[in-house]
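Read from first to last, the chains carry the letters A, B, C, D and E; within each, the first residue is number 1.
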Amino acid sequence: MIRRETLLRVVAPLLVFGALYLGWEWVAQNLKSILPPFANIIAEFGKRPLFYLDNLGVTLANALVGFAFGAGSAVLLAVLMVYFGFLRMAIIPVALLLNVTPVVAISPALIVAFGFNAVPHIIVASVAAFFPLLINAMTGLSAIDREAHDVFRALSASRTEVFLRLRLPSSLPHLFAGAKLSITSAMVGSVVSEFMGTSKGLGATIVLATNFLNLSQMWAAIFLSALTSLVLVGIVTLAERLVIRW
Amino acid sequence: MNTSLGAAAPTGAIVIDQVSKTFDRGDDVVRALVDVNLTFQEGTFVTLFGPSGCGKTTLLRILAGLEEMTAGTVSLFGETPAQAARAKNVAWVPQSAALLPWLSIRSNILLSQFVNRAADRMPAGDRKRIPEDPDKVLAELGLADFAHARPAQLSGGMRQRAAIARGFVQGAPLMLMDEPFSALDELTREAIRLRLLDVWEKNRKTVVFVTHSAPEAVLLSDKVVVMTPRPGRVHRVVDIDLPRPRSRAILESAAFIDKVREVQSILREGWEADE
Amino acid sequence: QDISPERCALNKAPGEVIFLTSFAYAASTGILDIVAAKELGLYDALCIDLTIQPGGTNIQLVSANTAQLAGIGGPSDTMVGIDNGAEIVGIATYGNVGAIEVITMAGSGIETLADFVGKTVGYKGAVAPQFSAMFLDNGIDPETINWVSVGFDPSILSNGQVQGLGAYKSNEPRALEAQGFEVTEWDPNAFGIQSNFNTQIANIAFAEANPTVIEDFLRATFKAYAWMNESPDNLDQALQWAAELSTAGYDIDTSRVRYNTEVALVADSLPAGMALGQQSVAQWQPEADMLERFGLVQNKPDVATAMSTVYVDAIYDDAGALIWPAP
Amino acid sequence: MIRRETLLRVVAPLLVFGALYLGWEWVAQNLKSILPPFANIIAEFGKRPLFYLDNLGVTLANALVGFAFGAGSAVLLAVLMVYFGFLRMAIIPVALLLNVTPVVAISPALIVAFGFNAVPHIIVASVAAFFPLLINAMTGLSAIDREAHDVFRALSASRTEVFLRLRLPSSLPHLFAGAKLSITSAMVGSVVSEFMGTSKGLGATIVLATNFLNLSQMWAAIFLSALTSLVLVGIVTLAERLVIRW
Amino acid sequence: MNTSLGAAAPTGAIVIDQVSKTFDRGDDVVRALVDVNLTFQEGTFVTLFGPSGCGKTTLLRILAGLEEMTAGTVSLFGETPAQAARAKNVAWVPQSAALLPWLSIRSNILLSQFVNRAADRMPAGDRKRIPEDPDKVLAELGLADFAHARPAQLSGGMRQRAAIARGFVQGAPLMLMDEPFSALDELTREAIRLRLLDVWEKNRKTVVFVTHSAPEAVLLSDKVVVMTPRPGRVHRVVDIDLPRPRSRAILESAAFIDKVREVQSILREGWEADE
């Protein structure tokens, strides 16, 4: 049974990816200016590995720094929001509004404000990372076992003690779930922010390639960014397994 | 009903005096407790017994300082519930074990030492608490082999025993237990009941215990407080004068069975009077 | 060092100066000359610490002084920006003729401007007022045309996704011809619409505070422009530099055609007595009138303040020759 | 108590929005090319109400049609995935990959493929709407009460009966939660896709405004899109209240 | 242990013959039931009684066709569990009420009519099921006023009564109930127990009932099947020969108390033999 399950888990996606591949190649053969042959994309990486590595490095660095800021401030705010109802009611509408705003549209303004350096890209990545973690952290930090909380309260445990010994560990599963969404958003945000204001990074690579109709390069950069996101999610999942062992 | 269990109410006693509690529920008001008066001497095993909603949990939470009373006063060996909680003088054993899943059983039962250190620095004279050796308690409750296990690796009954161990390790003079066995099946429940009886008879802390089960109440208690709901009142306090130490054998004795029947019929009588 | 120490100090004072290209590192006048000047070390020689960035929202970035210099489409763009409050000034204009036109496929059935009604026409960025004027002057309401914003791939025209395409005279028609297609060009100039192309803009406050930087930026740029015209090898060298900067498969042959087409447009439209980059109110005024006519500006544009002739005039001697080295 | 709570719920966000407003105005006064005075944005709507209404209409239509397709196919797939484990394992990796791909980067290719009409914009909106609803629908459709399911099975209820009478109603809370995320994504996707390939819609309005530093118009369009998203979420919430009455 | 409750095993009976069940759990194998043999005549109230994990639920699920047995056969009045389920001849009352929160109580208890209509079209002769009037059942179980309420508006005990009503309305000749009262408090439980007794004594369906409570088992049953765990076996079948109809009064009778004590000690005996 388990054997069959494992097999399925590998075969099923392969079949779908296979079908997608055939569809892709058909388009690449018949509508040349839409998709390049898949082999060309792979060849791209072989041709200029350092080029892709460099640009990935820039994007990834912005994404990770942005994630650190966005996720950090989201968790911090969530903590404060759990303790101060006022803050909760104050922040949520603003966070909601931020979440429904197309950040890409604001990225030019950020470049104007912060110049041609990593800052605007990091800000976009942070903003993108912020919301999913805020919501998850809030849920996680609020959803503590009521009876365990009673045990702490009956011992007159301080707020800090309740936080460190109950709230924080209880919220870890939610925090990791949020982090997975958040790091993907940060990566996508980082790529999209590079559509303007820089000539480095996967986003800039995509734009340049689009301008010059270099489809292989464009798709190579798109896939590279998608795969990197998956790897990042994988790393967070691994960290989760290491941390949450109960 | 005004029920007083002792003429004097010295420092060494628990005195519940005219305690009432109402909850606001939207526009509604729920009278959970009305004019409760009770006094217990130190070292008594008291059981609050009554149907669902009669305010057992509410009364217990007031004693633990988890809930404010609307009227009345409570003295726990001379301290208010808040003071007692601040000095870690009350051990709370909740309905579910409420162990922390990320800690080993041993760390879980040491919880009282990890938090509220200020209480540990109180002048020795003020301290009413004598923390117990965790390993001894684990052994007494049959958990010695599971000291380093995680809660998820234990059965429900073992988890519940760990929660009781956590209470004992705290060493507080007053232990409050809210239906600690209600999630367990009958046989496990019987076994753990006898364990509790055994350990308690060795150290004789003051215990206020809540249950729905008449045999459980009679087996464990010195006094059974029979309550009635809507609003929650003390209907009668029944003295359980069965000899101690008690053992499984007592379950078969006529005196025990009579006492159970008496408690049940008092409960039913309070319930019917109320309907 | 091709500059006096005093002037060098003045040029160094503002620190890094950022120039935004109008379109990546394309082989256009106003882009390739700057790339070449940078690579030739001419800015360094004039003590300007110049950084080239592929642009985006150039007007905004220069107005905010996030970048100090940029190339944009032409006087119209400059004046619309200023009308919206941009603190920019035009410092030089390359072509005195429109660089853009509408193209259609030959034999597509579009024979007159009237045939555009109901057709889909692609544009980049915004519908150029030159196009609107061309249609309106010929009795066709531009609103009856389905304008869509498009990218830079002209094959949407040959594939029939659009029936008309706003294009650079130097680029898309040439590219399509190279692929063997025949296109019809609808040049606003031919329909009597006077316009210009490629204006370099600067932040007003920056320009006023650092006039020598503006002058010497233009000086070095035009020096490189001349250098590229000197020999095909020089041009190829410049194209090579641009190719290295743009990471995306720069097609040098196409780019050479494009650049030469633009240089020809610039040279052919240069009014008598003016040198490269020089501009005048008379030259800008038709565009200002056009903007007003189409309600693309809220206030009547003041051409005299929208551009400044002082910087570019200062780099030529009386004979119209570039002064090099700098004073 | 309740009174104070309600007051707080109104006052707290107002305070934060007030602070944001002051910050905004400060920037508008001191860094003119980044933000316009807030009053100008409001004035924009007054000046050309029809212009904004028209463009909003286009964007909203694409967003709603895209939501209908994306959400519809997500629910349909989720249903199939609940019944066919093979499909579940096949689709999830593809959906994950799709989710981490910056859709904006693909929108030019979609325009090339589908032409200058509403289709590419609707596709982007659909893709954006797809993932959140897929995940939520899957969770919802799988998370049925085991004991209620036993009751159905003991009656030999058919799969269709179990689906219609148990799975579907049980999953409604999850479906609505997913729909809220999904409709926001569809709206943002619709706006972003209009950055290219059209001259109509809020996205196109933003791009045009950005090109000529028409900051009031740019921000008016951004706010309009954000507010519309909030209204859409509000409508879904209302529908939820009407449908889920237990 | 081979336990047979009747010499003959005609169509009108439930026959459980050499039933075993093992679960695969990763590399492990759990033997939940081993060689269970039981026969009950129609109209019997049977209770499966035993400690946690002895396989009560597993056996009940096998009867309902919810679980495949690993070995053995089951005949429910001549049908296999699968056939019986297909004909809606088995009513399943789960541990939690498992009502559908979006339906009114009345719609909930009519569930059996909404699903598997094919069974309703079976030839009348084959049909063993006589659906009951929902309003009558609701009235009998004291829920008449709540027919149009939603489950969320009911107390736990009322919800559980609704789940039982759902079973009765189905009118199946066999009703399976897995600890239907375990989530309720003692007093509510006693009340609902008496209700069930009352309703059952009027219609006398065959019932297989699971409980942890010895008094509950004795009060309700004709036969109590005492089981032991690890692996799950039938330890002994106890006949409860108390007269019917039974009422609350029986709870106080010596015969009742003796029977309870007997069942408990048989359970303990099986448990200890096993340890």
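Following the convention adopted for this analysis, contacts are C-beta pairs under 8 Å (C-beta built on N, C-alpha and C of every residue); 3 or more make two chains touch, one makes a residue touch a chain.
For each chain, UniProt lists the protein as follows: A, D = Nitrate/sulfonate/bicarbonate ABC transporter permease; B, E = Nitrate/sulfonate/bicarbonate ABC transporter ATPase.
Just so we're clear, the structure is a prediction, and the values are computed from it rather than from any experiment.
> In contact with chain D and with chain E at once: which chains are those? Just list them.
Touches both chain D and chain E: nothing.
> CA centre of chain B versus CA centre of chain E: separation in Å?
Computed from C-alpha means, the inter-chain centre distance equals 35 Å.
> So how far apart, in whole Å, are chain B and chain C when each is placed at the average of its C-alpha atoms?
86
> Give, as an integer number of Å, the spacing between the C-alpha centres of chain E and chain C.
Chain centres of chain C and chain E, defined by C-alpha means, are spaced 87 Å apart.
> What whole-number Å value describes the gap between the mean CA coordinates of chain B and chain D?
About 52 Å, centre to centre.
> At least two partner chains per residue is the criterion; list those residues in chain E.
In chain E, no residue touches at least two other chains, as defined above.
> So which bits of chain A are touching at least two other chains?
Only 33, 108-109, 112-113, 210 qualify.
> Return the residues of chain C touching two or more other chains; collapse runs of consecutive numbers into ranges.
57, 60, 64, 151, 153, 155, 159
> How do the chains pair up in terms of touching? List each pair.
A-B, A-C, A-D, B-E, C-D, D-E
> Write out the stretch or stretches of chain C touching chain A in their complex.
Touch residues, chain C against chain A: 18, 23-24, 51, 53-54, 56-57, 60-61, 64, 66-67, 151-153, 155, 159, 245-251.
> Please name which positions on chain C make contact with chain D in the complex.
Checking each residue of chain C against chain D gives 57, 59-60, 63-64, 77, 80-81, 84-87, 120, 122-123, 125-127, 146-151, 153, 155-156, 159, 161-162.
> Which chain D residues qualify as touching chain E in the complex?
Where chain D meets chain E, its residues are 145, 147-148, 150-158, 161, 165-166, 169, 244-246.
> Could you please specify the touching residues of chain E with respect to chain D in the complex?
Result: residues 61, 64-66, 85-86, 88, 90-92, 94-96, 98-102, 111-112, 114-116, 119, 150-152, 166, 170, 176 of chain E touch chain D.
> Sort out for me which residues of chain D touch chain C in the complex.
31-34, 108, 111-112, 115-116, 195-199, 204, 207-208, 210-215
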